Structures are given as C-alpha cells and as structure tokens.
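Here come two complexes built around chain A, the first alongside chain B, the second alongside chain C.
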Partner chain A sequence: MKRYVPLPLLLAAAACADGEGGAEDADTLSEAPWEEIEEAASGAEISMYMWGGDEGINAYMDEVVAPHLEEEYDITFSRQPMDAPEFLSRLMTEREADSMDGSGDILWINGENFRTAKENELLYGSFADMLPNMDYINEEAPYVENDMGTAVEGMQVPWGNVQYAFQFQGAEDPPETMEELLDWAEENPGSMTYPDVSNDTGNGFVRHILHHVAESPEDLAEYDEAWLEENGDDVWETLRELAPHLWREGETYPDSLSQQDQLFADGEVSMTLGFNEHRAESLIEQGTFPEDTETIGLTSGSISSVHYLSMPFNTTEPEAALVAINYMLSPEAQIAKLEPSRWGEGHILDLDAVSSGERDEIEAMVGEEVVPQEDALPELDARYVDWIQDNWEQEVVQQR
Partner chain B sequence: MSSSVKSWLLLLPLLVFMILFVGQGMFRAFQESLDVGGSSGIFANYEALAADGTFHAALGVSVYVAFVSTMLSLLLGLLVTRTLTSWMKSDTWKLGAWFPMLIPHFVGAYLILLFFAPTGWFASAAASAGLGFPVMVQDTAYIGVILTYVWKEIPFVVLMLLPVYQEMDGRMQEVSRSLGAGRWTGFRFTEWPWVRPVLLETGLILFVFVIGAFEVPALLGVTYPSMVPVLAFDWFYQSGWSTRPLAQAMMVLLMLGSILLALLLLTTAYRWRERGRSHA
Partner chain C sequence: MRSILGWSMLLLVFVVPVLFLFLRSITFGWRYPDLFPSDWSMRAWHVIAGDPQILQALLTTMLVGITVVALNLLLGIPAAYALSHGRLKGVVWLETILFLPILVPVLAIAMGLHITMIRLGLADHISGVILIHLLPTLPYTIRVLRSGFDRIAPGWRRLGDTLGAPRITLFVTGLLPMMRPSLRSAAVLAFVISLSQYVLTAIIGGGQVTTLPLLYYPFFDSADQAVIAGFSVVFAALPAVFLLLWESLMAGFTYLLRRT
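Presenting the complex of A and B:
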C-alpha cells in the first residue's frame, strides 16, 4: 500500500498529527462547535452515492431532503444513483491513487458493504458523536454498535429500519409461514422466484432459508462455520427441492429485484419480495403493481434490516455532509420518510426521545404492523452473505 | 519527412490515448490477476480458473453465442448487401439500412424483450390465435441474445460490404454469365475473392465484440451458464472482493485470446488480398 493520510481514530489521532493534505478530518471537526460546522456548510454542493432503483426513495430524496437542505442551509444536494459495490470500487481506486477530491460526500451503505469499506479504509472516520440528532436515536439498540457482525465505531449512523416481506397478487390464501410459502410454490408452479443471490434481495431470501433450517435464531446469532458444515446441505437441499416449482423451473433467476418486479407487474410471476414491508404501496399507487397486491410478513420470522449513512474518506465537503446526515436523522425527516406514497420505510427514532406530538404522528403513520415486533428475526453476520454468494450457484442452479 | 514517420505522428494522439487508458487498464487487470507472495505460485489464479467448471461453462456458452451471432450476421448481411446494392446508391436507402446501428445495444435488447418475452407482443398475438409461444428470452439456448446481436449487427456487415460491391466491376459478372456460369459459380469467381477478406475482418470485429460485451447477456441471458463478461462482473463485486483476482485473470485470458485471434485472422485476410492482387 502506498502512503496516505491515515484514517483518524478517535483516540490515536491526538498523538499523531498528520500534516499531509491538510484536509479537515473527523478529529479537527469534532472539536468544532456544531454552529461552526453549519456555517461552514453553507453554500456547499454535495452529492450522495446511493442505490437508485426505487422511485419512491428517489422521490423522498428529491422532494423532501434536497429542498430542505437548500432552504435551511443553502446546501445543494444531488443523488448519484449507483449500486454500493460500484461506488466502493470507485472509492478503492481513488484510495489507491491517493485522490482526496472525491465526487461523493455521503454513502448509503450497510452489512457486507460496510465491512468492505471499513476494512479497506474507505470511510471518513468516526463522526456519529458529532451529530446533535443522534440524541433521537436509541443508543441501546444493538444495530447502533454492530452491523451484521462488523463493529460500527461511529463510522456510520442508522438511517432506516426495514422488514423483509412478500407481495402476492391474486392469491386467495397467501402463505404466512416459510413452510406454507414452500408448499404454495409447489401448488402454484411457475408463480414464484427470487433474484440471483449476488443481489441483496435474493441473498436475503436465502438467509430466511437459513433461519428456516436453524432450530432457533440463536444458532445463527454469531458466524458459526461448524453450524454451516453440519446444516449447509439442508439449506441447499431445501432450495433444490423448491427450484423445479419456480418460474422457468429454476432454470434461471431474475438478475435483479427490478427484473423480478417487472415480471410481477407483467403477471409472469404472481409473487415478489424484498426488504421494506411498505414498498408495494407507492408502486400500487403509481399503477406499476396491480391493485390486489397483498403484502405478507412471515409469522415464522422476517429479517429486520437496518441501513446506514456514512461518509467516504475523500469527501471535499465534510461539514455539509455532516449537516445533511444530521438532518436525515431528525424526527421531521424520519417522519416524512414514513409516508407510504413516497418511501414508506421504518424509522430509527427512540420514541421516548421525541415530542408527544411527533410520537402521535409516527403512530398514526405506522398504522398496523405488517410484521409484528415478535416475528422479527435478527440480520445475519455478513460472512453468511458471502457463504451464500460463494455456493448458491453451484449448489442450486448447477444441480438441476 | 518520410511518409512512415508522418503516419506515425498522425497516429500519435490515438496511441497516447490507448497507452494511457486502455494500456493502463490492461496492466492493472494483469497485475491484480497475479498472486504475488502467495504460497501457491504467481499464476495460482490462472490455475484455479483452469480447474473451474463455472468458467468452462461460461467460456463454452460465450464462444457458442459469439460464433452463431457472427455467422448469422455475416450471412444475412451478405444477402442483404447483394440484393440491395443497386438501391443502396441512394442515401435514403443507406440511412434506412444503417438506422439500427444508432440504437444502443441495451435498447436493442429491451426491444427484443418487448417482442419476444412470454408476456411480450408476439406471445400475446400467438395466444389470441390459440397458439403457444416458445421461451425465447432468458433461455439457456441464448436465443434472445443471438437475436439481438443478429439484428443489431446486420447493418454493420452491410456498411462494411457495401463499398466492396459498389466498386466491383460489373463487367466481370457479365463475362461469367456469358460464359455460361450459374449463379453460384458466378458468385464464387466474380465476388467471393473480394468479399472474403472483408467478411473475415468484419467477422473478427463482431466475434470479439460479442464475446466481450456485457449488457445484452446481462439482460437476456441466464443465471447459469452465464457469458464470460457477466461472470466477470459477478466475481468482480461479490464476496467482499475476494474473487476479484479471478475475474481479472478471466478478462486477461479473454483479451489474450482476442489478440491471438486477431493476429491469425488479419494475417489470413492480408494473404488473401495479396493473392487476389497477383491473380488480377
């Protein structure tokens, strides 16, 4: 590795002042009072690397976040639609070239992508403690400190919380447990499929199969190679048995969630799936999904996943990025994010920390839970994601 | 200034661009494909690749798709050019024939999806006529991918062949006919010697393009076996980048294969032209 400005760690950096580059880092900024950061942010142009495949999410960013940042802080905000592996790859190239004037200032990230970013020193540093709005977040929640087995260390802050759910059209009696879903697939040949596991939605479905095979979620609480060796075959066997009943008899799988949603919208399959139990609502409203689309959270357990906001090591506008992230954690922005006609995804607020008016608003908006809290399953260690990616094609698709 | 020095100078901007961007990229790919300091030798990734069944399947399907698409495009392109040469003198016709070249490949692939998918136009038409419709997109025979390439590449073949036909000496055909040659013999002796090197070069361009292109098989291919560029993309990004060196090794092999093929075919085309000249 070539020389580069080392990533500031909260404690170590005081000892080693690194003059190179002279860029403001997380430590110098953490000394500054918040008002100064807000002042320095004024007039900046920032952009955010984020997945762009959901119109509802894009509408939230363009219609709520961007105008607010413009009016309140004179910050010009724009999205750069890109899949996480792609922007991480770009950051890695910039890291190797010591390029400190990156074109992205905020990252939308979680899980194995966060781990990759952290391990390769692609992140700005520990900034969570600087944000005043972290007060609204329940710091006791396990996901604040730990993201799918990787220690967060303040390098990213939770932004939203979603449940995995399934959408059906025209199903009279849609399945409510994994067992029933597998039977349903058999009774309705060609109606079901799931995306390729290089895609997080498809990978998430297989993670549910891991939970299905495991006797209790505790078996999977930590990455356990011995468990995989003993039970891995059962996971693949379940999927191999499912395959002939799937769309195209499991000969091929949709390449992405958008492709599966397209099949669903065209009526070629009659179920689709994905993180965010409310994601179908805006799609029905736009007329993409049929009116009779029904969303089901499995009572046998549904993975609950948290996603985060972070900053790349080479942001040129760290103050503005901090101000924008801080706003996105505010009760105002989090409540607007609940609105089903736009994004409609779960908040990460601590209900004891917000005002009673805000609490009422949240409760009115959240309404009936698709997945009751007691059915939520913990997200798995990112190494399980790798294990699925490494073996699925060989064990399931090639074994037809 | 001698003419060869001058032509090199004229090429200089392109060469600098190639070395800076393409060359640098190829060098990086090669560098990342090596296993430096590993216990299993510097070419360990290439050995792993040679033993990898998924890679073999990807290579097999890639060669099949590239070969079939190229051959069909050349054949149909040749037929179109021969039939239309006399009309092609007008610019309107030329533009009409070349129009599909303006459409990007992924748009072309979407159009194929729109027409040929099981819920597409042709399937609906077949269904209303009470007929079934075969699966032609995202199919293991890669029919949709081949269809896309064939209709996209025929205009390119026409573009390459048209000058040959327009410069052809029509009197040769008349002579062969007056000597009693049939259509095939006439084609064999009055057209083929001029068409052959151009077809070979065009075929090379098509084959190398199809085998290395990503977007069409990504949209219309299948999960397994996937074409080499799609597999490379997957390996490049998945599993915390651990399979990235394999992806790079695969791309280096694809590149070397393409260069070897180019050398072989271009020398053959050159030899054919020389022979044609000495006969004339």
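Presenting the complex of A and C:
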C-alpha cells in the first residue's frame, strides 16, 4: 500500500489522478460463491478504520483478529486509529474526487455516522447476505434491519451489543431504577453528574430520561414529533429538578466520559455511567477505578446499543474485507471478544444457532447478566439524539 | 547564586513535569488524596511498546519532522533573507501574504487541500503529509529567520564584497554562523509544530502515514491516565532527540568550517 515517491517528482506530475478502475461492486461479488471470494482474498492487505483509544479493544484486534486472518486466509490486517467523523470526512472528499483507490477497507460505525455515510453514498453496498456467518445472528433482532431509525439494508452487519449501565463506589444501597437514581442524587448532593450531551454517553443518559417520561417504550419506537411537543417539557423539567443536586450544583458538566471517569477515579463524584456494562472490569484491573466499584443496570430499563461493521465504497480489497468481517461475526471471534481481560463486550450471536459447547462457553463467560434481557430498551431514533443536542443547553444549562 | 536560582527554575518548569508524567505512567491506582503512590506497574509501557505500529510511527514521525525542518530552512532562508536585505518594494504585503496560512484556520481548508492532494496523487503518501506540514510551519520559520537577518548589519555583506569574497562563501562562512541561534529556534519550532499535527496528518495521510499523535491522541478519550502519561513522556522526548541531532550537526559544520 505504501508508495514513497520523491517529492519534486510528484510536484511536477500535476495531474495524475488515480484511475485504477473501480473495484467490483457488491452486485457482481454477490453472484460469486463464497469459496471463490475466500480464494480471491488470499494474500491481500487490508486496513480497518477504528477508534484506537482503548488498550483492550486494540489488544483484541491485534492479538485475536489479525493473527487469525493471517494464518487462516493469508490476509494482512492492520487497524488505522481514526475516529468516525474523521474517516467520514475523508471518504466524503474521496467521493467528491471520485477516488476509487481508498486506503480503508472496513469501517466501525453505527447510528448517526451510519446515516451520514449511507445518505452520502460512502458505503460499499449491500453485502450482509453474502456472509455465511450471518446464520449465527438472530435475524429477528430489530437491530439487524434498523440502526437508530436508519434502514440497514445489508450495508452494515452487527458486531457487538452493549448495555447502558451505571457504576457506583461506596454506595451502600445503589439505586436500581431511574426513580431511585433521581432520589439518590437528591440524597447525595454533588455525587452525581453526567457528561455534556454532545457526547454520546451524556446523550444516552438523557435518552433514558425520555424513556422514564414515556409511559411505554412503544411511544418512542418511532420518531414522533407530536410526542415531543407534548412531553418534551417533562423531560427538561426532570433534568432541571435534578441539576441542583449534581456535581458543582449542575453549573457545569464534564465534557466527555473520560473526564467523568477521572472525576470518579479521584472520588470527586461517586457515580459514572456509560455503554458497555462490563467496561468497569478492565478499568478496575488497570487500577484506574477503585476496587469497590459496583455496576448496576437499571431494572426500569436500560438502553442497549449495537455497533456495526461496514465497508467503504472505495475499498480496493472487497473480498478480503468480506472474509475479515465474516470471521469477526463467527462464534469463535465473538466469544473471544467477551473475554473481560481484553475487550469484554456483548456478543450478537443467536444462542439457538451456535453449538451447545459454544453456548456453555458464552454462558460461563457472561456470568450473571448485569442487565437481564427483559430490561433492555431499544435504542432511539437518531433524530431524538439531535433533538436532545439542539435543546439541552438552552433548556437545562441556561435555566440555572 | 543567581545561576543556581536560574537553573532550579528551569528544572522546576521543564524537567519536573516530565518526571511527574513518568512517575504517573509507572504507578498503579495512584488516586487523590494519596500523596505518594503505593503500587507500581509497568502496564502502561507494555501497552505502548506492545502497539504493533509504535516503532514505525516513531520512525515516520522523525522522518516527517526532519524533512519538514529541512524544507523549511531551504525555503525559509532565501525568503527571509530577501525580506530582510532584499530592498524589495511592498515588503509589508509580501510578508502578510507569507503569513496568511497561519491566519486562516487550517481545518477550514483541509477538505479542499485533500481534494487537491488526491488529484496530485499525494494523498495517503508520506510526501503529501510532509508537504501539508509546511503549511503551519513555514510562516513561523520565515518570521523567526527574518528577525534574525534583521539583526545582522548590511555592513557585513559590504565588507565581504570589499574583501572580494564570493557571495556563497560570504553566506556560508559569514552569515550562517551568525544566524545560528535563529536557525536553531526556527528548526526546533518547525519540528515541534510538525510533531503535534493530528488532524492534518489524519486527513491527508489517511491512516496510511501513522505518526505518533495518531496513536496517542485517541487515548485522551479514555480514562487511562497511565498510558496517556507514558505517551506524553515519549512525546516530550522527541524534541530533545531532535535538538541533540541538530547540535551535533552544527558542531560538525563548525568543525568543517574551521578546517577549511
């Protein structure tokens, strides 16, 4: 992939656009039998755009996924640490310049970023049906077809499933429902806060408040402006009532989850929160969080969020990318992903489709569920996320 | 007495913070309100050393930085000299134009630059990244070198002319040694600016050109302070390595000059 060309030479060659013909698109490939795709994938070098700020996730990719692809398929896999907004802006420019010689082959994406990518035609196409390992995934699950209100249409496949959970330290009787949590905040002034809603974790907390205000999750199943008109004020009122009991009396909020985690680690606040009910385990292990950290999933309902794998329109190695994605969906790779010492996040397997041995392994690994399946709430439409982002500052912060 | 005070101030401001960062990177569970760390762990350094791209990233960062400095001097010295001693018309305008890249936020033009880079075939190449790093560095280099040249009286040049020295000899043996402090400031500044580019490198290099910030910045999104501290120590060490290289280069140059 890397080509080093002397600088002056390149400057002289003013217009040598890369016109190496487009890669085959999803339609031509879908005709090919899987064995042929595997054969064509052999020897390829692929890279994946993904956020790189977690040693556990990085270790999973470097120590499990990459070696397996190398051994089994002779594919050289590397991850390119880049956040979704950055790789999307790159892809948009490449789309504009018609550059089919992309440098990324797999994307880690979901929700709003997926919507942006789909609307701007930055994705490869519908490829989910080509993957044999899609058989292990519960096709009935709502997230296979719908990602926060955007139809998936096979353009991305689920990779992991995480629940929203709350971490407490030194709380004798930590709250277990949203109602109790709000009371707890009142009884323990200054102990609680949540990140700014421009951050997905902070936004997720407010989405829980939306669920709290709604009578049933069905009210929020689809984006409903009339519902917001009617109940929006209750949402803000709840948060305004909560604000004076928060850290620094709600005059300021942490900018990011990492900031709140550091406040939590320093004992400045005694709760933190976030997607992935197992995220505290590795943080305790590495000494960031205190040993007595306790994770609670709300029995009043906890949003579960799915993240996906996709391919950009200008991948030069679509076959190898398909093979790699297919492997990442396999029971073997999904079970290895559960391992708390590495990543430790939820799988997307259909427990009825895997072998009984694998099922036992999963059950042993997951242990007692932090959030039982029946308490899981569906993720909201991405337009609710926008609505929260647009109004929170004015309705909650400035009303102080 | 005064120099002791000066040195301890220097130590306090420049060395102690780095030492503290290093300490932070090798402790385990060192939290407020503990005054001293109780447990030690090399975990952060294992994470950093265990990254499969770390060596490549360090080499790329040094290569990009050194090339950027070399190009800066190559382009900056003539430009600064002309601005200072060239008796040009409209110097103010010229200087403003040369300074413009700093006044316009780079992010605002990054997308447009990326398209141009794709057309030129420079995107995703180390050469494209080097070229784009000139944008935030060259204006400063010209500024620094210009004020350096301003301090050299034009009389020196006339003296050389009178003695019959060729221009090039005069430049190499006369002006450059006098410019040594300014050259050093310009070089270090350009290196440090190049070292800290994240967005430009990410957009133009497309993850194919992995410099240290590309590995390091994502960790700011985690609560893992030990790893952040460890990376920061590596980050702080690079300019020191560069300065060492620079000083040895200069010493070699002076030695050669004396011998001829």
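Everything below uses one rule, namely that the second predicted complex is superposed on the first by the 377 of 400 C-alpha atoms of A that agree within 3 Å, B and C clash if a C-alpha of one lies under 4 Å from a C-alpha of the other, contacts with A are read in each partner's own complex, and residues count from 1 in each chain.
Heads up, the rule we're going with is that a contact is a pair of C-beta atoms (placed from the backbone, for glycine too) under 8 Å apart; a residue touches a chain by one contact, two chains touch by 3 or more.
This structure is a prediction, so every number in the text was calculated from the model and none was measured.
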Exercise for the section: In the overlay, answer first, second, both or neither for which of chain B and chain C A:Trp51 touches. Expected result: second
By the touch definition at the top of the document, which applies to A:Asn231: first (chain B), second (chain C), both, or neither? neither
In this superposition, the partner of chain A with more touched residues, chain B or chain C, is C
- Query: Just chain B (first), just chain C (second), both, or neither: which does A:Glu112 touch?
  - Reply: first
**OP:** Identify the partner contact of A:Asp266: answer first if only chain B is touched, second if only chain C is, both if each is, neither if none is.
**Re:** both
Note to self: Contact-wise, after the overlay, does A:Ser330 reach chain B, chain C, both or neither (first, second, both, neither)?
What the structure shows: neither
Quiz item: Taking the superposition as given, does A:Asn146 touch the first partner, chain B, the second, chain C, both, or neither?
Solution: neither
Inset, instruction - Go through the superposed model and pick first if A:Leu283 touches only chain B, second if only chain C, both, or neither. - result: second
So, does A:Ser89 touch the first partner chain B, the second partner chain C, both, or neither?
both
Chain A positions within both the chain B interface and the chain C interface are 86, 89, 266-268
Per the touch rule above, chain C residues touching chain A in the complex are 27-33, 39, 41, 43, 47, 50-53, 111, 114-115, 118-127, 130-131, 199, 202-203, 206-208, 210, 214-215, 217-227
Listed in rising order, chain B residues that touch chain A in their complex are 53-54, 117-119, 135, 138-140, 218-219, 221-224, 234, 236-243
Residue set of chain A touching chain C in the complex reads 1-7, 10-11, 13-18, 47, 49, 51-55, 58-59, 62, 66, 78, 80-83, 86-87, 89-90, 92-94, 96-97, 99, 103-104, 256-258, 261-262, 264-268, 283, 286-290
Residue positions on chain A within touch of chain B in the complex are 85-86, 89, 112, 115-116, 119, 196, 198, 248, 251-253, 255, 266-268, 382, 386, 389-390, 393-394, 397-398
